[in-house]
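Scrolling down, you'll hit the structures one after another.
After this come two complexes, each holding subunit A, first together with subunit B and then together with subunit C.
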Partner chain A sequence: MLRVVGQLAALVVVFVVFRWLIGNLVTNYSRLNIGFDFGFLNVPTQFQIAYHPEFNPRLPVWRMVLVGVKNTGLAAMFGIAVAGVLGLVIGIGRLSQNWLAAKLSAAYVEFFRNIPPLVAIVFFSFAVFLYGPLPHLRDAIEVGLPGTASTLLVLSNGEWGVPGLRNTGNAPLFGVLALVAVAASAAVWVWRTRVNERSGEPHHRVLWSLGVLAVVLVGAYVILDGPVVIDWPQLSENRRRLASGFSVNSGFMSVAGALGLYTASHVAEIIRGSILAVPWGQTEAANALALTNFQRYRFVVLPQAMRIAIPPLINQALNLTKNTSLAVAVGYAEITTLTQTSIGNGRPAVQSIVILMLVYLGFSLLISLILNIVNRRLQLVTR
Partner chain B sequence: MTASTLKPSTLPSATTSPLAWVRSRLFPNVRSGILTIVLAPLLVYAAYRAALFLFVNGRWEAVTRNLTLFMQGTYPRDQQWRIVAQIVVLALAFGIGAGTASAVRADVAKEAGLALPRQSPLSVIRRFWSLIAFVLLLLYFASTATPWLVVAGAVAAFLVGTLARFIPTSLRNLGWTLAALALVAGFQVVSGTVGYSWIVTAIVLAAGAWSTFKFENVEGRRALLYRALVAVAAWVVTYLAYTQLVYPGVGWDYWSGLHLTLWVSSLAIVLSFPLGLLLALARRSTLPVLRWLSTGFIELIRGVPLITLLFMGQYILGFMLPQGTNLSSISRAITAMTLFTAAYVAEIVRGGLQSIPYGQTEAALALGLPTGKMMRLIIVPQALRAVIPALVGQFISIFKDSSLLYILAINEFLGVRSLVHAQADFRAVAHAETLVFVAIGYWAFAYAMSKESQRLEVRLRAGRR
Partner chain C sequence: MQRRLLALLAVLALVAAACTTGDTADTVPVTDGGADDTSADTTPPDTGDTDETTDTTPAVLPQDEGGILAAVRDRGAVRCGVNDVLPGFGIVDENGEYSGFDIDFCRVVAAGVLGDPDAVEFVPLTAEARFTALQGGEIDVLIRNTTWTATRDGQEGATFLHTTFYDGQGMMVPASTGFTTLEDLADATICVLQGTTTELNLTAVFNARGIPFNPMTHADNETLQPAYESGQCEGWTSDVSQLTAFKASIEEAGGEEQYIMAEVFSKEPLGPAVPDGDSAWAQAVDWSILATIQAWEFGLTSENIGSYDGDDPNILNFLGTDGFDPGLGLAPDFAVTIVESVGNYQEIFERHLAPIGLELEGSPNDLWTNGGLMYAPPYR
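Then we have the complex of A and B:
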């Protein structure tokens, strides 16, 4: 009886508090004539997004949300890639018997783990790019491709031009065929693995699948008569913008780079801890089998360490994705920055922030889903 | 041959020659040797560039000329004595705390009949070397004598505070009370008696008086009456002292710089702790409604970045309060940070609660303890003890996250840079210098805390054996 009453009381208290907060919100909003509908998503954005010349202010707000989600995803993806590779190298480096490598890795971890990621992002954005050693776009450094007239890189303090791909008509079809090629090589990989498991003959699966990939891609490229060509970066006549090539802006590099470096320190600690958690007998057994150092890591230690490392690594990927919201300090056009600008332009705050939170909850769910699948596959290997 | 016949000279020497050291640590095999040969020149070059930046090219006047700005921001200059007084009072608080803690350790050791290993000053320096190095850097940058006097005053106050170890065992609670009181007073000195915040001090003092003076030789009800009288007296004294001495003070809306950073992160962790504890207990509760509510809150908060909550505080919280309520930007940010930290603290405490073996619960139930008492006396103390290192980790994380206030245009330690670079001399230059300085500041505090948490972890693990 007391339990039921207590729970009801808790519910009532929570309800009353919410009722009070929401009631105030409704009163204040109706006083200011702001609605609670999501109709503003169809209204023109009315502002230009930096480094997005294809986006014009007449496009509706929901298109802006899509741009934001895309940029958040891009920064998170590159950040996770940097953090993963660097973290693995440094985590293994800390366990190296080479004194210099071990101490350098330890210093890296102790430094980056203990500074705020925002300081790292602001440092990249202000000290490396905006007020850093690179010149303004009009005096940009152009690195030529040796032996040709085309430019390989255009370096400035605002954006970098790198070689991109240009569609000459058949690019969408080529994209579809590229996907087919990847699927085919994956299938070949699985087939070779099965053959190896059944008959014991060498699988050579890397050669096989790369071969299939190359054959299909080259074949498609020749048949479609060069669907994409390399688009070398080039400044426009008045040197105000990049006329061609793929533009990477400093905001993106700051966010992905700084978060990659910051998270790498956490990843390194996880890797180190997981390797140390693999029983020493495994290493001794590998040594008894006369495996080389590389083989011992590749076939004995790392597979077992990874199984321990996956759950905390999921957490780090999630943290990195959530930390991309710090880009708002340097104006990189991801979802938080765009939401803030859009609220500043008079869009209703409550609905905008609800959308913002839903986007991040969606990213969180997506990442934990992907990595949980990976985790399950790794766990199944155990006997 | 027995061990006694071994001559010392035949034993392998513990110290190896430098050459042998280099060979075994840097060139043990071909691959490792190649790694050394690649890394060493890179390291030397990086060190050369860093030294060039630190000692030759760097325009450190952006930091030295604005040192006060970095430390206390735009805190009114004519009220600066409050910050100085605060530092001294806080040093006193830490001194009293350290003194009392060492006295407690000595008592425990004496009871167990063990010799207490003496702590040398060197070990303290080694524990807090990053903070000491940061203070020395500040002194190096200082252009007036004030910082030197403040540091000297703080060290003196700390040493005076450690005299607390001579407080007799029967009045041990007095030491803790004084430490807590000085901590709160340190906060009050800078904030003054804005609103009713002096009540916090009064409560601490009254509770301390209540628990210290037990009047054990007085019989029955009368002891209770005496204790209540002492508590009320403490309350009145606090009220008079604060209204006469400290009023009106400077509210936290006018704080900035490192000062604001330290207080905001401390407030967020202190305020979020009770909330997080309640959430954790609710999530472990057998009552489904409480469990759902707290699980929903925790998972929602943990799924979104802190900045979205800060935005909610900035853009929505004002609308959720009755018209005319005017919460300052900093108060709203502290609210958001408290809610955010509470969700993480709740998960940490839940981990602690789950680590307590079920036998403890069964034993408590067998003793006939009701649920409330069982939690309060048996489960929660053990759970909290187990998660202290994780809580310190959360504190480090909220300390680092307090830099997000910069995005809300609040001038905390990172944000004061915008004031520095608004000056004509530093508009487009010296960004690297100020950022390196800020990074060193954050690093010194976070590094010291993380080392301390590792030490705690080792000590607690030793206690569990």
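Then we have the complex of A and C:
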């Protein structure tokens, strides 16, 4: 009974505090004759977004929010990929018998773990782009594709051009078919696994599912008469922008790259700790079976280490996503930068911040959800 | 058990309701106290003669008896909202002393209203906080390189007075590029400060002319300047007065020679603003500022105004020597006090804006008799 009262009291306190905060806002807003509504989402954005020539300033503010969400998502995805791969390599490297590899990995971890992420981003932007070795776009380095007239890469201090995909008419349909192909190959994977479990015949599931994927994709590509073609990067006539290809700007690379490098140091420590947490007997058993180093990690140590590593790795993924808000310092057009610009241009601050919070909350919940599913799959099933 | 729980819930809900109504009613005095505290904090310590009442009573609003003019006289000081980080216009030196073009106009108002150019409490404000401070009565007058716009006159509850500086947005490019018009910058990346009217003007002008461009926005000039100097952006847009200061600093530091395009593509009249609804105070501030322009037109400077011995009736009226009083609530000799202690418009301009590279002659800020826009209504 006492416990119930305690919990109710806590609930009431939370409610009162929240109510007070909202009441405060409403009272002060009405005193200043300002309403609390979200109608501003439908008025024109009025400013041009950097490296988004297709964005028209007359589009409503909610479209600007979508651009911001997209850019935050891209930076977070790229950053998480870099941090994950690099962190895994360095984490294993720290435990290596190779003196140089171990020391280099330790130095990397100590360096990146001990600088603030904002400093890393600004340093990256200054060292690689602003004062870096790359020329201005008009004198950009164009790396040709050997044997053809196409350009593979355009490198400058403002943006890089990489090959992209161009829609020749049927791309959306092809996208749907690509999803079908992925689903089909996943189904085949499951089927082969079952076959293997039931009859013991070799599953060859990688070959099977890749084969299905390739057959469906190639079939769709041929039937739809080449729905997408590779869009090689090329500079415009006046050499001031990319006329074609996929543009990656310096802000994106500074944010995603610096955060990836920074977070990799944390990931490496988590990986190292998780590997050390796997009982030594497992390694000895693997050695007794004469497994190679790679086999020992791939089949014995890492599957068990990952079980320990996943929950703290979720935290790192969330941190990296939230740290993309530091892009304000280098002017990358992600959601925080755009929200600040928008507030500076007269959009209501409180409402804009509420939307900003909801966006980050959405990202965090999504990442937690995905990684929690992975976590559940990896957990030991005990009877 | 269940019933007892329900009863308990009901009681708690009642308590909660009582608490919340009490709390919301309390919010107004609480926030007022907070606002006053900040104004007390930001006030420089050397004006220690402020009476205790400013800390406890709500701010003086225009509708209060006597208005702002009476409140300023009671207090013995003008509270002036200023910029403290813009070279030339308003900046604080290492001794905590304010100086600059806008700062001098605060002193002009103090000299005109109170007869003492040092009777000013400077309240440094950010761009976002300035109108809130004016609406809330935290300051009496806002002189902070503020552009006079319709929205600010309307929604922000400010009354703008005579413009002290006609500015406009311009474009700077490295001189070696040879670019002279905005059309030369088609498809180019252009540096601009984030979240400013400058950014909106840039978009508006380029879109209106159908010139494609790519903005490179940074939150502050410390990262914007390296982006421009490294050539990441080919043009830098801002108010001409600020570009002039940046041009000087880049060239002084040994950087490339810079060129500011002749074309000015926005109107930025910077001037003082007072709260809506107190015309007596507005007139007092306005005529104090106009006195500096009128003195310039008459050729009166801080050196010679005290020793004027001519018999031009207009000038004698202006000096108040014959006791002429147009009823503005200012001392008859307020113009003498202003010009003697601070100077005429030209002197103030030459003191603060010439050093950062701005020219008075031939600019819109020249006297109307020289083709400029500085024009004071007749003082009679």
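Here, the second predicted complex is superposed on the first by the 345 of 383 C-alpha atoms of A that agree within 3 Å, B and C clash if a C-alpha of one lies under 4 Å from a C-alpha of the other, contacts with A are read in each partner's own complex, and residues count from 1 in each chain.
FYI, contacts are C-beta pairs under 8 Å (C-beta built on N, C-alpha and C of every residue); 3 or more make two chains touch, one makes a residue touch a chain.
None of these values were measured; they are calculated from a predicted model.
Contacts of A:Ile275 after superposition: neither subunit B nor subunit C is touched.
Shared-chain residue A:Val5: touches subunit C; no touch with subunit B. Look at A:Phe126: by the touch rule set out above, it reaches both subunit B and subunit C.
Looking at the shared chain after the overlay, A:Asn98 reaches subunit B, while subunit C stays out of its contact range. Applying the stated contact rule after C-alpha superposition, one finds that A:Val14 touches subunit B and leaves subunit C untouched. When the two complexes are overlaid on their common chain A, residue A:Ile353 makes contact with subunit B while staying clear of subunit C. In the superposed model, A:Ala329 lies in contact with both subunit B and subunit C.
In the overlay built on the shared chain, the residue A:Asn24 is in contact with subunit B and with subunit C. Of the two partner chains placed by the overlay, only subunit C lies in contact with A:Tyr51; subunit B stays clear of it. Applying the stated touch rule to the two superposed structures, the overlap between the subunit B and subunit C interfaces on subunit A comprises residues 8, 24, 27-28, 31, 122, 126, 130-131, 328-329, 340, 343.
Of all residues in subunit B, those touching subunit A in their complex are 25-26, 28, 31-32, 35-36, 39-40, 43, 287-290, 293, 300, 303-305, 307-308, 311-312, 315-316, 319-323, 396, 400-401, 403-404, 406-407, 414, 428-429, 431-432, 435-436, 438-439, 442-443, 446-447, 450. Against subunit C, the residues of subunit A that register as touching in their complex are 4-5, 8-9, 12, 15-16, 19-20, 23-24, 27-28, 31-32, 46-51, 53, 57, 122, 126, 129-131, 136-137, 157-158, 236, 238, 240-241, 250, 328-331, 333, 337, 340-346. Within the complex formed with subunit B, the residues of subunit A that make contact are 3, 6-8, 10-11, 14, 21-22, 24-25, 27-29, 31, 96-101, 104, 110-111, 113-120, 122-123, 126-127, 130-132, 293, 322-323, 325-326, 328-329, 336, 339-340, 343, 349-350, 353, 356-357, 360-361, 364-365. Across the complex, subunit C meets subunit A through its residues 5, 8-9, 12, 15-16, 19-20, 23-24, 27-28, 31, 128, 135, 151, 186-189, 194-197, 199-200, 202-204, 206-207, 212-219, 223, 226-227, 230-234.
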